[in-house]
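Just dropping this structure here.
So that you can tell them apart, the chains are marked A, B, C, D, E and F in the order they are listed, and the count of residues begins at 1 in each.
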Amino acid sequence: MTEAKAVADVLVQALPYIQRFRGDAIVVKFGGNAVVDPVLAARLAEDVVLMHSVGIRPVVVHGGGPQITELMTRLGIATEFKDGHRITDGESLEITRMVLVGKVNREIVSLINRHGPVAVGVSGQDADLLLASERHPELGFVGDVEAVNPHIINRLLADDFVPVVSTIGTDTAGQAYNINADAVAGALAVALGAAKVVYLTDVEGLHEDLEDPTTLIRQTTVPELERLVEKGAIGTGMIPKVAACIHAIHNGVHSAHMLNGATPHAVLIELFTDEGIGTMITQS
Amino acid sequence: MTEAKAVADVLVQALPYIQRFRGDAIVVKFGGNAVVDPVLAARLAEDVVLMHSVGIRPVVVHGGGPQITELMTRLGIATEFKDGHRITDGESLEITRMVLVGKVNREIVSLINRHGPVAVGVSGQDADLLLASERHPELGFVGDVEAVNPHIINRLLADDFVPVVSTIGTDTAGQAYNINADAVAGALAVALGAAKVVYLTDVEGLHEDLEDPTTLIRQTTVPELERLVEKGAIGTGMIPKVAACIHAIHNGVHSAHMLNGATPHAVLIELFTDEGIGTMITQS
Amino acid sequence: MTEAKAVADVLVQALPYIQRFRGDAIVVKFGGNAVVDPVLAARLAEDVVLMHSVGIRPVVVHGGGPQITELMTRLGIATEFKDGHRITDGESLEITRMVLVGKVNREIVSLINRHGPVAVGVSGQDADLLLASERHPELGFVGDVEAVNPHIINRLLADDFVPVVSTIGTDTAGQAYNINADAVAGALAVALGAAKVVYLTDVEGLHEDLEDPTTLIRQTTVPELERLVEKGAIGTGMIPKVAACIHAIHNGVHSAHMLNGATPHAVLIELFTDEGIGTMITQS
Amino acid sequence: MTEAKAVADVLVQALPYIQRFRGDAIVVKFGGNAVVDPVLAARLAEDVVLMHSVGIRPVVVHGGGPQITELMTRLGIATEFKDGHRITDGESLEITRMVLVGKVNREIVSLINRHGPVAVGVSGQDADLLLASERHPELGFVGDVEAVNPHIINRLLADDFVPVVSTIGTDTAGQAYNINADAVAGALAVALGAAKVVYLTDVEGLHEDLEDPTTLIRQTTVPELERLVEKGAIGTGMIPKVAACIHAIHNGVHSAHMLNGATPHAVLIELFTDEGIGTMITQS
Amino acid sequence: MTEAKAVADVLVQALPYIQRFRGDAIVVKFGGNAVVDPVLAARLAEDVVLMHSVGIRPVVVHGGGPQITELMTRLGIATEFKDGHRITDGESLEITRMVLVGKVNREIVSLINRHGPVAVGVSGQDADLLLASERHPELGFVGDVEAVNPHIINRLLADDFVPVVSTIGTDTAGQAYNINADAVAGALAVALGAAKVVYLTDVEGLHEDLEDPTTLIRQTTVPELERLVEKGAIGTGMIPKVAACIHAIHNGVHSAHMLNGATPHAVLIELFTDEGIGTMITQS
Amino acid sequence: MTEAKAVADVLVQALPYIQRFRGDAIVVKFGGNAVVDPVLAARLAEDVVLMHSVGIRPVVVHGGGPQITELMTRLGIATEFKDGHRITDGESLEITRMVLVGKVNREIVSLINRHGPVAVGVSGQDADLLLASERHPELGFVGDVEAVNPHIINRLLADDFVPVVSTIGTDTAGQAYNINADAVAGALAVALGAAKVVYLTDVEGLHEDLEDPTTLIRQTTVPELERLVEKGAIGTGMIPKVAACIHAIHNGVHSAHMLNGATPHAVLIELFTDEGIGTMITQS
């Protein structure tokens, strides 16, 4: 009966959150690392399916840096980075697209569909979902999000599917670009009118002092975050995520979250418990 | 983190059940006792709201014996029973109807609506939901279910409401009758194509040996149940419930359940855990 | 053939009114007296069914003062009035609710459903239809209409049902209150965008001179009515009705009507003849 | 108040009929004579509008013999009849079509639309409503109903319009034919699943003895009617109507009616009074 | 293979136009002459069917001057014109209506329906499509477009039909009027939010110099057109068309076109080739 | 004007085919070669867009043999074939999936979307589109079509998108398989109730005598085809296509076609001209 009591407690605690988010779109960004570890990936898939089952409309956005590097290496192509971006020529772009759309996306779709036929892979080129623009001539086919055309995602959500999005976009001339997945997650959350955007990273969240893990920030606001950026308390790897969060919240997304993707079922804990987990960012 | 782990475990365990029952109608019969105890009643309301929140379509059917007796007593009217049925003359019927529709139903609706504006009270006379026929001339206005016209319930479910049903029906001449709520729950489950009918009683379930609480039957089938009835192992109070269960399962309801309404959140435990609780009855 | 000619004349005279009101919601307030007399009540039910049959969307709101008093008396509870309001403690509220929802509402629903399964009883607590606020601490659970949430009524009308409304509302803390049915009728007419609100009273309508029945006012305007109130030409019992009418018309209801509920089929005569009956109030 | 009482009586008497026919298609055949007399025609239009207003779906089918003859005469073209059919060459067909579609149909549409923008003229060639076949080589372009394609009528009814049908059909080669309007009314009633087909003629109905007006048959059945045809009690002019009625009833139309179109508002009296008028024919 | 290459070239050239106009309403005005020549008329019908088949929503508006004159002559009625308008008494109006609605409209409907059951004739009196006002007392029943009520056309388009419109309207008193078809085409294009209005005339288009066929204007703007009118370069017969074009474009129609209806498939060439044909008029 | 005449001729010839196929699904199988040649591929994309523009619902299925071999070679992996199937171990499967889903599919989607945002890539694992079963243990992850779940394709078609399908399926245990694209095209045509399945190959069609190009079969039937297979007149490469065609036609697809994908716009010529191109196969 102890067991039963636990069930009751958890479900009753989850009830107001289930009610609050029913029908809402929530964008979840999976880092490439998340998908590399099969146990972790299976748990994340489970979290997404549970969100879907209780009436939330999850949209997964994924990266795939390690997997791209791996294939590049096998093909004997050197990878050069500049300001944290992979310099991407035509050949690299083709490899990047193959890995993101044809490997990482497929693996996430498969893991979700073990629970039922709901996941559908989408790339930014499908139905012109992501309009890209060149970030910098020296970076080659590295793009910024110029505009989001969420029609295909809205239709898939209306039909009760879970879209899994690879972040290859196209410019107006039809040229493909690789776009940073953190930026896409934020922009997509805005375009969908999502309630939340959730980043699964490899740290616990943001910290007041980068060096001191005990200074985890549980809840903060956009102005406070801007202060942290200024004071240099945000690690380099987190900068694009933080920028995307600020953009999303300024444009109507209710909250943004940084969670450690390695914590089992971190998304469920964040969504369905009073305590939450990681760092939550709101307007003010 | 122990807490978080429990959350994950419970929700992940619940996932396949949420998926399985999404969109299904489930009829839950509350006994009059359940509503007398305010703590119990509040918990039952919570269970119903949770079912609704995860996409199940719960329909509540309630009795109200103790409450009827109480008002009868206050009005100085003697209650006479015959074969377990309250002999019901015109005045008693009016009192019965006032108590069921105007008191018990109202209390359940109020408790559910604390969580959101979803519950709507319905009586068997609304839109001719329950067609009654006289059970026996000596019993007066005690009726049997002659037919169910589920149109109003189907419309309310389609509009995402939770119907709470009082079991006063009407015969073809427009005369009202009090109908046994156990029988209504089963007949309504059939008419709605419900997946389950769940009876909240004041015992743990059915027992192999009525006298021995250690003989609780966790799972049984209709043929087995008919054997138990024959051998006299079903208590008098359970007979109408058992008959209604058999009727429901013969007519397409997947399973029927007897739970102890006094166990906190018994419905949630039954629906969303692998172990379940109480007695489950299936076809074979 | 004389008979046939009469049929033709009546129907052809009714035609433009049927066309004009097709699809419109019309709120009809039944006083408690109307329901006490079974012949009168049956006729009113017929009028409502006829409105429904020609494509109007009638909504019935009812009171029940005499019936409440009767049960209070039988239970030996003294009724005390203050400024025309029944002082209502917890026990009185429970009795009031039982009588309104479990007796008066039921009788109206039954009478209408003799003609077909269209009436559905609704109380102000169903789906949070009526949000109440305390009128005055000394009055106990006597409420004012704080807000109307017409969703459940709109859904029932869209599904071609006739809602019959009891006027028990709830405050934000979930406490029930008894609300004046005249006020609810007006507020509901506003919330539904109704074309008319019709009050069935026990007098012919409003009079220029309260003492002189020959001074019946057939048609008047809100400003004129305000003049009458000021000059004291409105009887005490009519004051809440008049206030509700003025409120309704100021908020978009086209006309309000006072009819004698004892005149056979007064509603039909008002709606479907050139002459009309009783007093009609319009904006200007 | 006498007046008011009459209103009540008529409307209450009409109520069950309004309820019964709500949503039903009813085909009304106007003879050419009906439209020649402007007072009569205006009344018929009123009857159709009233049917429409109370939720019935009337479909008007019209002839136009006298009007065709008149234009033929003005153009100096001799009309020759054979077996009651006008021998129709190419020129006659063109004149017939102009008169039916461009004159008679227009007049009926105009009369109905005085009460609101609901009537829409349709000819058998619109959207291939009527597929015709040649009746007899000697008759020229006189057609029989080969098939009805009711799609355009069903769409107009679904959009709440009143179709007014001229009976020019087309054969599979695209050749136009004039089809007997009595036959079309019956065939259309079948194709629409109409509840009734009503023929407005210039006599009171069918008679047991053609010569004796006191022998009017108020109600009869298909077998009885076949007996009357055999015994020669049906006048020549009524034969196509009777055949169409029998066909319609054999194919699911509930009843067929012969009324005197000159009786003011005969259709209303037939539809909305207990007595009815003229002759009603049912299956058995 | 030469043939095949031509097919490919034409279809691929047509592709962007098909994409651009998909779902758009386009109003095509047929002059009376167009319908007099059966080969021409059949080709025009084909063009309309092709537009419909590729997802455009064509609406045909037609005149019928020569056909009206012909029947007037056969009936020995003299036709008098004033300022280019036929003076129209009651008898002439009836003849005009018979010819337009019962003959010309019918012929167009028949020609279109040879390709499938899509065309439906509509006159301005159906569902009060065209509200007319008297143009000038001396002209009799010659009307101007007072207002367009496009409900019936919108419903027919939504149901995938091709409306063919005769231009007889009604004033508020129910009196019919003959309205200039050029004016109706423009006004209808505005009311439907059409992309284009196309006039099929008996000349190649507008000319810079009326006397010099080599000065055909391929493309012009409203201001330029107003300059041409002022300088007298528009022939009398073209004046109403030009006025209707200017009105249409000022009210949101994207372009207006004047084509020679005698050029085989002029409409297709205009719509589906890069070169176009005739004169195109745009805003600026 | 010669040009204009050609336009008219082509479009008018195409008309009946556009009408016939409007709303029909047509499956078009692109071979891997088709996509290797950029000019060819761009033309095929144009053909697909044109089909979509005139209301047909094209579904593209593609292979990618040459592209798979190329990446395998670059990665230094030897490709071994058995009975025409590539022996596929885990690593080969991953490469196959990357190439099909992440490269070939992407290129087709991009080419189509140059004309508008309509193409959406789908793989057989999305929403469990293709259920696979192992073909033969020695072949590794080479699958047969066990079942098609066309829900995702039907939804995309209903939303007016053009699905582009890669043929990686999943077995019931979640293991991915590479399935022959010819077989998928036929099975998908059956599951969608498609009107046609069209194979773009590198030959003109089927031949009576494999060695003699002058013996091209323009039209044949399933029994005749079975005779050809028996007599050995079908080349090895065509065998799976022929089997898929026979399967498709036996299961309700109206016709199957073999065209030379190198003929410019072969699909348009087949669909929209009287002559057609290549080999057409029908039931009998």
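Following the convention adopted for this analysis, a residue touches a chain if its C-beta (ideal position, glycine included) is under 8 Å from a C-beta of that chain, and two chains touch if they have at least 3 such contacts.
Computed from a prediction, not measured in an experiment: that's the story for all the values here.
The chains that touch both chain C and chain E are D. Among the other chains, B has the CA centre that is most remote from the centre of chain E.
Taking the mean of the C-alpha atoms as each chain's centre, chain B and chain F sit 56 Å apart. As a whole-number value, the distance joining the C-alpha centres of chain C and chain F reads 68 Å.
Here the spacing of chain E and chain F, counted between their Cα centres, is 44 Å. Of all residues in chain C, none touches 2 or more other chains. If you draw each protein chain as a dot and join the dots that touch, you get one closed loop, with every dot joined to exactly two others. Interface residues of chain F facing chain E in the complex, by the touch rule stated above, are 3-8, 10-16, 18-19, 22, 46, 49-50, 53-55, 115-116, 263-265, 268-269, 272-273, 275, 277.
The residues of chain F lying in touch with chain A in their complex are 74-75, 94, 97-103, 105-106, 109-110, 113-114, 117-123, 125-128, 149, 151-152, 155-156, 159, 161, 168, 170, 174, 176.
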